[in-house]
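Input: one structure, supplied below.
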Amino acid sequence: MPYVNVRITKDGVTREQKQQIVAEITATLVRVLNKKPEQTHIVIDEIDTDNWGFAGMLTTEYRARAK
Amino acid sequence: MPYVNVRITKDGVTREQKQQIVAEITATLVRVLNKKPEQTHIVIDEIDTDNWGFAGMLTTEYRARAK
Amino acid sequence: MPYVNVRITKDGVTREQKQQIVAEITATLVRVLNKKPEQTHIVIDEIDTDNWGFAGMLTTEYRARAK
Amino acid sequence: MPYVNVRITKDGVTREQKQQIVAEITATLVRVLNKKPEQTHIVIDEIDTDNWGFAGMLTTEYRARAK
Amino acid sequence: MPYVNVRITKDGVTREQKQQIVAEITATLVRVLNKKPEQTHIVIDEIDTDNWGFAGMLTTEYRARAK
Amino acid sequence: MPYVNVRITKDGVTREQKQQIVAEITATLVRVLNKKPEQTHIVIDEIDTDNWGFAGMLTTEYRARAK
(Lines give C-alpha, C1' and ligand atoms only; values in the text may rest on other atoms or scores of the structure.)
Protein backbone atom coordinates (compact mmCIF):
# COMPACT_ATOMS: atom_id res chain seq x y z
CA MET A 1 0.00 0.00 0.00
CA PRO A 2 2.37 2.73 -0.99
CA TYR A 3 1.65 6.39 -0.53
CA VAL A 4 4.04 8.73 -2.28
CA ASN A 5 4.20 12.49 -1.87
CA VAL A 6 6.15 14.40 -4.51
CA ARG A 7 6.83 18.00 -3.59
CA ILE A 8 8.19 20.27 -6.33
CA THR A 9 8.31 23.97 -7.05
CA LYS A 10 5.39 25.39 -9.00
CA ASP A 11 6.90 25.88 -12.45
CA GLY A 12 4.12 25.27 -14.93
CA VAL A 13 4.30 21.50 -14.79
CA THR A 14 1.86 20.15 -17.39
CA ARG A 15 -0.77 17.46 -16.99
CA GLU A 16 1.28 15.26 -19.33
CA GLN A 17 4.34 15.62 -17.11
CA LYS A 18 2.31 14.77 -14.01
CA GLN A 19 0.85 11.75 -15.78
CA GLN A 20 4.33 10.58 -16.74
CA ILE A 21 5.66 11.01 -13.19
CA VAL A 22 2.73 9.04 -11.77
CA ALA A 23 3.04 6.28 -14.36
CA GLU A 24 6.79 5.88 -13.85
CA ILE A 25 6.83 5.96 -10.04
CA THR A 26 3.94 3.49 -9.95
CA ALA A 27 5.79 1.23 -12.40
CA THR A 28 8.90 1.40 -10.19
CA LEU A 29 6.98 0.36 -7.07
CA VAL A 30 5.20 -2.44 -8.92
CA ARG A 31 8.41 -3.79 -10.44
CA VAL A 32 10.79 -3.41 -7.48
CA LEU A 33 8.42 -4.10 -4.58
CA ASN A 34 5.61 -6.02 -6.24
CA LYS A 35 3.05 -3.41 -5.13
CA LYS A 36 -0.45 -3.27 -6.63
CA PRO A 37 -1.23 -0.19 -8.77
CA GLU A 38 -4.77 0.03 -7.36
CA GLN A 39 -3.29 0.40 -3.87
CA THR A 40 -0.67 2.97 -4.90
CA HIS A 41 -1.45 6.64 -4.36
CA ILE A 42 0.84 9.47 -5.45
CA VAL A 43 0.14 13.08 -4.49
CA ILE A 44 2.01 15.91 -6.22
CA ASP A 45 2.28 19.18 -4.30
CA GLU A 46 3.37 22.20 -6.32
CA ILE A 47 4.95 24.78 -4.04
CA ASP A 48 5.31 28.49 -4.79
CA THR A 49 8.99 29.47 -5.00
CA ASP A 50 8.34 32.02 -2.24
CA ASN A 51 7.43 29.09 0.04
CA TRP A 52 10.41 26.83 -0.67
CA GLY A 53 13.51 27.69 1.29
CA PHE A 54 16.87 26.41 0.10
CA ALA A 55 20.37 27.23 1.22
CA GLY A 56 18.99 29.68 3.76
CA MET A 57 16.94 31.78 1.34
CA LEU A 58 13.70 31.56 -0.64
CA THR A 59 13.99 29.77 -3.99
CA THR A 60 12.72 32.94 -5.66
CA GLU A 61 15.80 34.75 -4.44
CA TYR A 62 18.12 31.79 -4.99
CA ARG A 63 17.16 31.66 -8.65
CA ALA A 64 17.49 35.42 -9.12
CA ARG A 65 21.03 35.25 -7.76
CA ALA A 66 21.89 32.25 -9.91
CA LYS A 67 21.17 34.12 -13.12
CA MET B 1 -0.58 15.93 21.17
CA PRO B 2 -2.01 14.51 18.01
CA TYR B 3 -1.45 16.04 14.62
CA VAL B 4 -3.66 14.65 11.87
CA ASN B 5 -3.33 15.36 8.16
CA VAL B 6 -6.31 14.46 6.00
CA ARG B 7 -5.59 14.55 2.29
CA ILE B 8 -8.54 14.30 -0.07
CA THR B 9 -9.33 15.25 -3.65
CA LYS B 10 -10.70 18.74 -4.21
CA ASP B 11 -14.36 18.04 -4.85
CA GLY B 12 -16.27 20.97 -3.45
CA VAL B 13 -16.12 19.86 0.16
CA THR B 14 -18.21 22.31 2.19
CA ARG B 15 -17.28 24.06 5.43
CA GLU B 16 -19.94 22.01 7.19
CA GLN B 17 -18.36 18.78 5.98
CA LYS B 18 -14.91 19.95 7.11
CA GLN B 19 -16.34 20.89 10.49
CA GLN B 20 -17.92 17.46 10.84
CA ILE B 21 -14.70 15.67 9.90
CA VAL B 22 -12.71 17.72 12.43
CA ALA B 23 -15.31 17.19 15.16
CA GLU B 24 -15.51 13.44 14.63
CA ILE B 25 -11.77 12.74 14.32
CA THR B 26 -11.11 14.85 17.40
CA ALA B 27 -13.83 12.95 19.28
CA THR B 28 -12.27 9.64 18.24
CA LEU B 29 -8.84 10.65 19.53
CA VAL B 30 -10.28 11.99 22.78
CA ARG B 31 -12.37 8.86 23.40
CA VAL B 32 -9.92 6.16 22.28
CA LEU B 33 -6.61 7.71 23.36
CA ASN B 34 -7.68 10.21 25.98
CA LYS B 35 -6.14 13.11 24.03
CA LYS B 36 -6.93 16.73 24.81
CA PRO B 37 -8.93 18.63 22.15
CA GLU B 38 -6.86 21.80 22.72
CA GLN B 39 -3.73 19.84 21.79
CA THR B 40 -5.27 18.18 18.75
CA HIS B 41 -4.63 19.72 15.33
CA ILE B 42 -6.18 18.45 12.10
CA VAL B 43 -5.14 19.84 8.72
CA ILE B 44 -7.22 19.07 5.63
CA ASP B 45 -5.42 19.29 2.28
CA GLU B 46 -7.65 19.38 -0.79
CA ILE B 47 -5.74 18.09 -3.80
CA ASP B 48 -6.57 18.80 -7.43
CA THR B 49 -7.51 15.59 -9.26
CA ASP B 50 -4.69 16.34 -11.74
CA ASN B 51 -2.26 16.07 -8.81
CA TRP B 52 -3.49 12.81 -7.31
CA GLY B 53 -2.18 9.70 -9.00
CA PHE B 54 -3.97 6.41 -8.49
CA ALA B 55 -3.56 3.06 -10.22
CA GLY B 56 -0.81 4.54 -12.38
CA MET B 57 -2.82 7.45 -13.78
CA LEU B 58 -4.14 10.85 -12.67
CA THR B 59 -7.46 10.73 -10.83
CA THR B 60 -8.90 13.04 -13.49
CA GLU B 61 -8.31 10.34 -16.06
CA TYR B 62 -9.26 7.50 -13.72
CA ARG B 63 -12.67 9.05 -13.14
CA ALA B 64 -13.23 9.75 -16.84
CA ARG B 65 -12.56 6.09 -17.62
CA ALA B 66 -14.82 4.92 -14.80
CA LYS B 67 -17.85 6.65 -16.27
CA MET C 1 -8.99 8.67 -2.30
CA PRO C 2 -8.23 9.84 1.17
CA TYR C 3 -4.84 9.48 2.79
CA VAL C 4 -4.77 10.24 6.50
CA ASN C 5 -1.68 10.54 8.66
CA VAL C 6 -2.22 10.40 12.42
CA ARG C 7 0.82 11.43 14.42
CA ILE C 8 0.73 10.76 18.16
CA THR C 9 3.22 10.33 20.93
CA LYS C 10 4.48 6.80 21.57
CA ASP C 11 2.58 5.86 24.72
CA GLY C 12 1.90 2.16 24.48
CA VAL C 13 -1.07 2.43 22.15
CA THR C 14 -2.49 -1.05 21.68
CA ARG C 15 -3.43 -2.82 18.48
CA GLU C 16 -7.07 -2.63 19.55
CA GLN C 17 -6.83 1.14 19.93
CA LYS C 18 -5.20 1.49 16.51
CA GLN C 19 -7.92 -0.69 15.00
CA GLN C 20 -10.60 1.47 16.58
CA ILE C 21 -9.01 4.69 15.34
CA VAL C 22 -8.74 3.32 11.81
CA ALA C 23 -12.30 2.01 11.84
CA GLU C 24 -13.77 5.26 13.13
CA ILE C 25 -11.83 7.65 10.88
CA THR C 26 -12.65 5.50 7.86
CA ALA C 27 -16.32 5.51 8.87
CA THR C 28 -16.25 9.29 9.17
CA LEU C 29 -14.82 9.73 5.68
CA VAL C 30 -17.26 7.24 4.19
CA ARG C 31 -20.26 8.85 5.86
CA VAL C 32 -19.37 12.54 5.48
CA LEU C 33 -17.59 12.49 2.12
CA ASN C 34 -18.88 9.29 0.55
CA LYS C 35 -15.33 7.92 0.21
CA LYS C 36 -14.66 4.26 -0.52
CA PRO C 37 -13.03 2.25 2.29
CA GLU C 38 -10.85 0.34 -0.19
CA GLN C 39 -9.36 3.65 -1.34
CA THR C 40 -8.84 5.02 2.17
CA HIS C 41 -5.40 4.68 3.75
CA ILE C 42 -4.57 5.75 7.31
CA VAL C 43 -1.00 5.73 8.61
CA ILE C 44 -0.34 6.07 12.34
CA ASP C 45 3.08 7.41 13.34
CA GLU C 46 4.06 6.93 16.98
CA ILE C 47 6.61 9.55 17.98
CA ASP C 48 9.01 9.28 20.90
CA THR C 49 8.31 12.01 23.46
CA ASP C 50 11.91 13.17 23.03
CA ASN C 51 11.09 13.93 19.39
CA TRP C 52 7.86 15.87 19.89
CA GLY C 53 8.34 19.51 20.77
CA PHE C 54 5.51 21.42 22.38
CA ALA C 55 5.41 24.85 23.95
CA GLY C 56 9.10 25.28 23.22
CA MET C 57 10.30 22.14 24.99
CA LEU C 58 10.36 18.38 24.45
CA THR C 59 7.19 16.56 25.52
CA THR C 60 9.32 14.46 27.86
CA GLU C 61 10.20 17.60 29.78
CA TYR C 62 6.74 19.14 29.43
CA ARG C 63 5.20 16.12 31.08
CA ALA C 64 7.76 16.01 33.85
CA ARG C 65 7.00 19.63 34.69
CA ALA C 66 3.26 19.04 34.56
CA LYS C 67 3.41 16.46 37.30
CA MET D 1 20.17 16.55 4.67
CA PRO D 2 17.36 18.16 6.56
CA TYR D 3 13.90 18.63 5.13
CA VAL D 4 11.63 20.88 7.17
CA ASN D 5 7.93 21.41 6.63
CA VAL D 6 6.38 24.43 8.34
CA ARG D 7 2.60 24.42 8.30
CA ILE D 8 0.84 27.61 9.39
CA THR D 9 -2.53 29.23 8.86
CA LYS D 10 -2.85 31.51 5.84
CA ASP D 11 -2.78 34.95 7.45
CA GLY D 12 -1.07 37.24 4.98
CA VAL D 13 2.46 36.17 5.83
CA THR D 14 4.83 38.38 3.84
CA ARG D 15 7.80 37.34 1.73
CA GLU D 16 10.06 39.05 4.26
CA GLN D 17 8.60 36.95 7.08
CA LYS D 18 9.05 33.76 5.07
CA GLN D 19 12.63 34.74 4.28
CA GLN D 20 13.31 35.33 7.96
CA ILE D 21 11.80 31.99 8.98
CA VAL D 22 13.87 30.16 6.37
CA ALA D 23 17.05 31.98 7.33
CA GLU D 24 16.61 31.34 11.06
CA ILE D 25 15.61 27.68 10.86
CA THR D 26 18.49 27.00 8.48
CA ALA D 27 20.86 28.78 10.86
CA THR D 28 19.59 26.66 13.75
CA LEU D 29 20.19 23.41 11.86
CA VAL D 30 23.64 24.52 10.74
CA ARG D 31 24.67 25.62 14.23
CA VAL D 32 23.14 22.82 16.32
CA LEU D 33 23.55 19.86 13.96
CA ASN D 34 26.31 21.03 11.63
CA LYS D 35 24.06 20.63 8.57
CA LYS D 36 24.94 22.15 5.20
CA PRO D 37 22.70 25.00 4.00
CA GLU D 38 22.81 23.72 0.40
CA GLN D 39 21.33 20.42 1.58
CA THR D 40 18.65 22.04 3.75
CA HIS D 41 15.16 22.43 2.28
CA ILE D 42 12.30 24.17 4.08
CA VAL D 43 8.77 24.15 2.68
CA ILE D 44 6.14 26.50 4.11
CA ASP D 45 2.51 25.45 3.67
CA GLU D 46 -0.09 28.15 4.30
CA ILE D 47 -3.39 26.55 5.26
CA ASP D 48 -6.80 28.19 4.96
CA THR D 49 -8.38 28.61 8.41
CA ASP D 50 -11.36 26.57 7.15
CA ASN D 51 -8.95 23.66 6.65
CA TRP D 52 -7.20 23.74 10.04
CA GLY D 53 -9.06 22.03 12.81
CA PHE D 54 -8.21 22.82 16.40
CA ALA D 55 -9.95 21.91 19.64
CA GLY D 56 -12.61 20.07 17.68
CA MET D 57 -13.64 22.96 15.43
CA LEU D 58 -12.33 24.86 12.40
CA THR D 59 -9.87 27.64 13.20
CA THR D 60 -12.24 30.07 11.46
CA GLU D 61 -14.85 29.31 14.10
CA TYR D 62 -12.35 29.09 16.95
CA ARG D 63 -11.14 32.61 16.23
CA ALA D 64 -14.66 33.98 15.89
CA ARG D 65 -15.52 32.58 19.33
CA ALA D 66 -12.31 33.92 20.85
CA LYS D 67 -13.18 37.50 19.97
CA MET E 1 14.20 21.01 -5.60
CA PRO E 2 12.08 17.94 -5.27
CA TYR E 3 11.39 16.25 -1.97
CA VAL E 4 9.76 12.84 -2.25
CA ASN E 5 8.35 10.79 0.59
CA VAL E 6 7.70 7.12 -0.12
CA ARG E 7 5.63 5.40 2.56
CA ILE E 8 5.38 1.61 2.36
CA THR E 9 4.63 -1.23 4.74
CA LYS E 10 7.60 -2.72 6.56
CA ASP E 11 8.11 -5.99 4.70
CA GLY E 12 11.82 -6.67 4.72
CA VAL E 13 12.68 -4.28 1.91
CA THR E 14 16.39 -4.70 1.16
CA ARG E 15 19.02 -2.02 0.74
CA GLU E 16 19.28 -2.97 -2.94
CA GLN E 17 15.55 -2.41 -3.41
CA LYS E 18 15.74 0.97 -1.67
CA GLN E 19 18.69 1.92 -3.84
CA GLN E 20 16.77 0.97 -6.98
CA ILE E 21 13.69 2.94 -5.91
CA VAL E 22 15.81 6.03 -5.19
CA ALA E 23 17.72 5.71 -8.47
CA GLU E 24 14.59 5.29 -10.56
CA ILE E 25 12.49 8.04 -8.97
CA THR E 26 15.43 10.43 -9.21
CA ALA E 27 15.88 9.49 -12.87
CA THR E 28 12.19 10.14 -13.51
CA LEU E 29 12.34 13.61 -11.97
CA VAL E 30 15.54 14.47 -13.84
CA ARG E 31 14.17 13.29 -17.19
CA VAL E 32 10.59 14.56 -16.95
CA LEU E 33 11.10 17.79 -15.02
CA ASN E 34 14.78 18.54 -15.60
CA LYS E 35 15.48 18.48 -11.85
CA LYS E 36 19.04 18.27 -10.48
CA PRO E 37 19.94 15.03 -8.66
CA GLU E 38 21.93 16.93 -6.03
CA GLN E 39 18.79 18.86 -5.12
CA THR E 40 16.54 15.77 -5.05
CA HIS E 41 15.83 14.13 -1.70
CA ILE E 42 13.81 10.94 -1.29
CA VAL E 43 12.83 9.63 2.14
CA ILE E 44 11.47 6.10 2.51
CA ASP E 45 9.31 5.43 5.58
CA GLU E 46 8.68 1.77 6.40
CA ILE E 47 5.46 1.43 8.38
CA ASP E 48 4.54 -1.49 10.61
CA THR E 49 1.45 -3.28 9.27
CA ASP E 50 -0.23 -2.63 12.64
CA ASN E 51 0.10 1.10 11.90
CA TRP E 52 -1.26 1.13 8.35
CA GLY E 53 -5.02 1.17 8.11
CA PHE E 54 -6.68 0.14 4.86
CA ALA E 55 -10.31 -0.53 4.05
CA GLY E 56 -11.25 0.25 7.65
CA MET E 57 -8.93 -2.26 9.31
CA LEU E 58 -5.23 -2.67 10.07
CA THR E 59 -3.15 -4.13 7.23
CA THR E 60 -2.13 -6.95 9.57
CA GLU E 61 -5.74 -8.03 9.75
CA TYR E 62 -6.47 -7.28 6.09
CA ARG E 63 -3.69 -9.62 5.02
CA ALA E 64 -4.76 -12.35 7.44
CA ARG E 65 -8.27 -12.25 5.98
CA ALA E 66 -6.97 -12.25 2.40
CA LYS E 67 -5.20 -15.57 2.87
CA MET F 1 -1.19 27.03 15.10
CA PRO F 2 2.05 25.97 13.56
CA TYR F 3 2.99 22.36 13.00
CA VAL F 4 6.62 21.82 12.04
CA ASN F 5 8.15 18.55 10.86
CA VAL F 6 11.94 18.35 10.92
CA ARG F 7 13.33 15.36 9.07
CA ILE F 8 17.02 14.58 9.51
CA THR F 9 19.29 11.60 9.16
CA LYS F 10 19.70 9.42 12.25
CA ASP F 11 23.17 10.42 13.45
CA GLY F 12 23.11 10.20 17.21
CA VAL F 13 21.37 13.49 17.79
CA THR F 14 21.22 14.07 21.54
CA ARG F 15 18.26 15.12 23.66
CA GLU F 16 20.02 18.41 24.29
CA GLN F 17 20.31 19.07 20.57
CA LYS F 18 16.64 18.22 20.04
CA GLN F 19 15.69 20.52 22.89
CA GLN F 20 17.73 23.34 21.36
CA ILE F 21 16.17 22.84 17.92
CA VAL F 22 12.67 22.89 19.39
CA ALA F 23 13.39 25.95 21.51
CA GLU F 24 14.90 27.92 18.64
CA ILE F 25 12.29 27.08 15.99
CA THR F 26 9.52 27.88 18.46
CA ALA F 27 11.22 31.18 19.29
CA THR F 28 11.45 32.01 15.58
CA LEU F 29 7.75 31.39 15.01
CA VAL F 30 6.78 33.37 18.10
CA ARG F 31 8.98 36.34 17.17
CA VAL F 32 8.39 36.47 13.41
CA LEU F 33 4.75 35.39 13.19
CA ASN F 34 3.48 36.10 16.70
CA LYS F 35 2.50 32.44 17.20
CA LYS F 36 1.69 31.02 20.63
CA PRO F 37 4.15 28.45 22.02
CA GLU F 38 1.33 26.34 23.47
CA GLN F 39 -0.13 25.98 19.96
CA THR F 40 3.21 25.17 18.32
CA HIS F 41 4.09 21.52 17.73
CA ILE F 42 7.43 20.35 16.30
CA VAL F 43 8.02 16.73 15.38
CA ILE F 44 11.56 15.49 14.66
CA ASP F 45 11.87 12.39 12.48
CA GLU F 46 15.26 10.69 12.49
CA ILE F 47 15.72 8.72 9.27
CA ASP F 48 18.15 5.83 8.78
CA THR F 49 20.76 6.73 6.15
CA ASP F 50 19.64 3.66 4.17
CA ASN F 51 16.22 5.29 3.87
CA TRP F 52 17.30 8.76 2.72
CA GLY F 53 18.03 9.05 -0.95
CA PHE F 54 20.12 11.95 -2.20
CA ALA F 55 21.64 12.60 -5.61
CA GLY F 56 20.21 9.32 -6.87
CA MET F 57 21.75 7.07 -4.21
CA LEU F 58 21.26 6.19 -0.55
CA THR F 59 22.93 8.55 1.90
CA THR F 60 24.85 5.57 3.28
CA GLU F 61 26.53 5.17 -0.09
CA TYR F 62 26.83 8.90 -0.72
CA ARG F 63 28.79 9.34 2.50
CA ALA F 64 31.02 6.33 1.80
CA ARG F 65 31.95 7.83 -1.57
CA ALA F 66 32.55 11.26 -0.08
CA LYS F 67 35.25 9.97 2.23
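Here the chain labels run A, B, C, D, E and F in written order, and each chain numbers its own residues starting at 1.
The criterion applied here is as follows: contacts are C-beta pairs under 8 Å (C-beta built on N, C-alpha and C of every residue); 3 or more make two chains touch, one makes a residue touch a chain.
Fair warning: this is a prediction, and the values are worked out from it, not measured in the lab.
Common neighbours of chain A and chain D under the contact definition above: B, E.
Common neighbours of chain C and chain F (chains touching each): B, E.
The equivalent interface to A-D, defined as the listed pair sharing over half of its contact pairs by residue number with it, is C-E out of B-F, A-C or C-E.
Averaging Cα atoms per chain gives one point for each, and the point farthest from that of chain A is the centre of C. Residue numbering at the chain B/chain D interface overlaps only partly, since under half of the positions present are found in both copies. Ranked by separation of Cα centres from chain F, the top chain is B.
Put simply, the C-alpha centre of chain A and that of chain E have 14 angstrom between them.
For this pair, chain A with chain F, the centres built from the Cα atoms lie 21 Å apart.
Listed for chain E are residues 1, 3-4, 7, 21, 25, 41, 43, 52, 54, each touching two or more other chains.
In terms of which chains touch, the assembly is arranged in some other way, matching none of the line, ring, star or all-to-all patterns.
Looking at which chains touch one another, you get A-B, A-C, A-D, A-E, B-C, B-D, B-F, C-E, C-F, D-E, D-F, E-F. Residues of chain C that touch chain E in their complex: 4, 15, 18-19, 21-23, 25-27, 37-38, 40-46. Per the touch definition, chain E reaches chain D in the complex via residues 1, 3, 41, 43.
Here chain C touches chain F in the complex through residues 7, 47, 50-58, 60-61, going by the rule given at the top.
By the touch criterion stated above, chain D contacts chain F in their complex at residues 1-9, 11, 13, 17, 20-21, 24-25, 28-29, 32-33, 35, 39, 52, 54, 59.
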